[in-house]
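Before I ask anything, let me first share the structure, which is written out below as structure tokens.
For clarity, chains are labelled A, B and C in written order, and residue numbers in each chain start from 1.
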Amino acid sequence: MDCIRIGIITASDRASAGIYEDISGMAIQDTLKSYLLSSFEIVYRCIPDEQAVIEQTMIELADQQACCLIVTTGGTGPAPRDVTPEATENVCIKMLPGFGELMRQVSLQYVPTAILSRQTAGIRGQSLILNLPGKPASIRQCLDAVFPAIPYCIDLIGGPYLQCNEAVIKAFRPKST
Amino acid sequence: MDCIRIGIITASDRASAGIYEDISGMAIQDTLKSYLLSSFEIVYRCIPDEQAVIEQTMIELADQQACCLIVTTGGTGPAPRDVTPEATENVCIKMLPGFGELMRQVSLQYVPTAILSRQTAGIRGQSLILNLPGKPASIRQCLDAVFPAIPYCIDLIGGPYLQCNEAVIKAFRPKST
Amino acid sequence: MDCIRIGIITASDRASAGIYEDISGMAIQDTLKSYLLSSFEIVYRCIPDEQAVIEQTMIELADQQACCLIVTTGGTGPAPRDVTPEATENVCIKMLPGFGELMRQVSLQYVPTAILSRQTAGIRGQSLILNLPGKPASIRQCLDAVFPAIPYCIDLIGGPYLQCNEAVIKAFRPKST
């Protein structure tokens, strides 16, 4: 059986230059480990906020590394160097606006600046690409909100079966199509 | 007086091949009949999940059949054969993102996988095109949520006056522009 | 110190032709005056619902007049002459879908036809462009909902520091990036 592979891309000029530690990438990894009973391998990349580099990295993780899920952190705000959603749209064949809507709605319960986030999600081949915010606290809030839909989404695009630790997060799979 | 015409498009490989009955299309028809006091004629098409066919059918129902409202069911998920939102965007001149947002929000009260739906709505000439989910139960939930805005929308694009059965659904028309 | 400049664009065939008074533009001006302790100058334009004219006016207010915030009113519905969101998308480099989502959600508490509004927001250079509805009552509801995020957004795109009257509206600026 092939191993399940999940990509984590940290888009951050400062973290990729070693100016500070990539706490966000670690937070995603820890959260995924707490969610999943299925064993999986992390493919991790920490790169600068360059749209072309982000796109190439997403393409590599989807097409060569065969990650069924690619989670990004950083680069979703309104500042000029925030280009992760643009990269995501460029490499995806289908966008899933419901992910961004729900994550903004959840974040709005904590901060009114949640509406500044342009985070989204989309499909490239057999990979689901999901943008998360840059801050560790918001990452967990967003993942808790959207993850219940992710295993079924990956089923629908022909990916591997993800089994969740139901004590931590409940995946939902409708009975029939 | 010209008769009011409403289109129903079922996008489904299996229903169009006769593998199973189109319960979803019937559910839409029954719901519309319960909503509207105005007499109307249904123009019904059951077609495969082929983007070009869906687009041609939408164009025919809007431009030749003069349907003021065209409701689709099916093809809004993340799977490769789900292409109804793409077809809708291609034939519409204006998109109305508020429909998809509200329908996903309502469906989220029932299933966390509601965020996987890419359903949307848009305007083509004097026709409002609305994507609904594939499952009969979700169809009614979504229509109940968005229909109160539909008669006024059709007024605004120069369509016929739809009169609702207020005991079932209340159309809302603002007092003045 | 350069003066803070805020643009107000009323897109309305009738108001620009002098058929009625531009109450909406005045409502925006009054609301902004009640929000802001920082002194600012209004750059005001009342123009017809012509997409090219709206785009040129947005470009002038952003690039020549150096407005850090450009607020529009009118032209966000589904009717053929409603083209303000299209103009906004054409002149912006980044769209901020969270603004439209939140404004529609807030308006939905008052009228079910809120889903017909296509209002959005985006970034052009160092300007935030925000579409508001045409009706004075809805304008205030929408601004109250989204304004807390606006000063920080303008910080992020390199604009001036807006200070709010906290008794009226609380701007939110996260502690650290």
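Here is the rule we go by: contacts are C-beta pairs under 8 Å (C-beta built on N, C-alpha and C of every residue); 3 or more make two chains touch, one makes a residue touch a chain.
Computed from a predicted structure; not experimentally measured.
Superposition angle, chain A onto chain B, using Cα atoms only: 120 degrees, a multiple of 5 between 0 and 180. Residues touching across the chain B-chain C interface largely differ between the two copies, under half of the numbers being common to both. Per-chain Cα centroids separate chain B from chain C by 31 Å. Shared interface positions of chain A, defined as residues touching 2 or more other chains, are 97, 101. Considering their complex, residues 94-99, 101-102, 123, 128, 146, 148-149, 152-153, 156-158, 172-174, 177 of chain C touch chain A.
Only residues 77-80, 82, 86, 97, 100-101, 104-105, 108, 111-118, 134 of chain B touch chain A when the two sit together in their complex.
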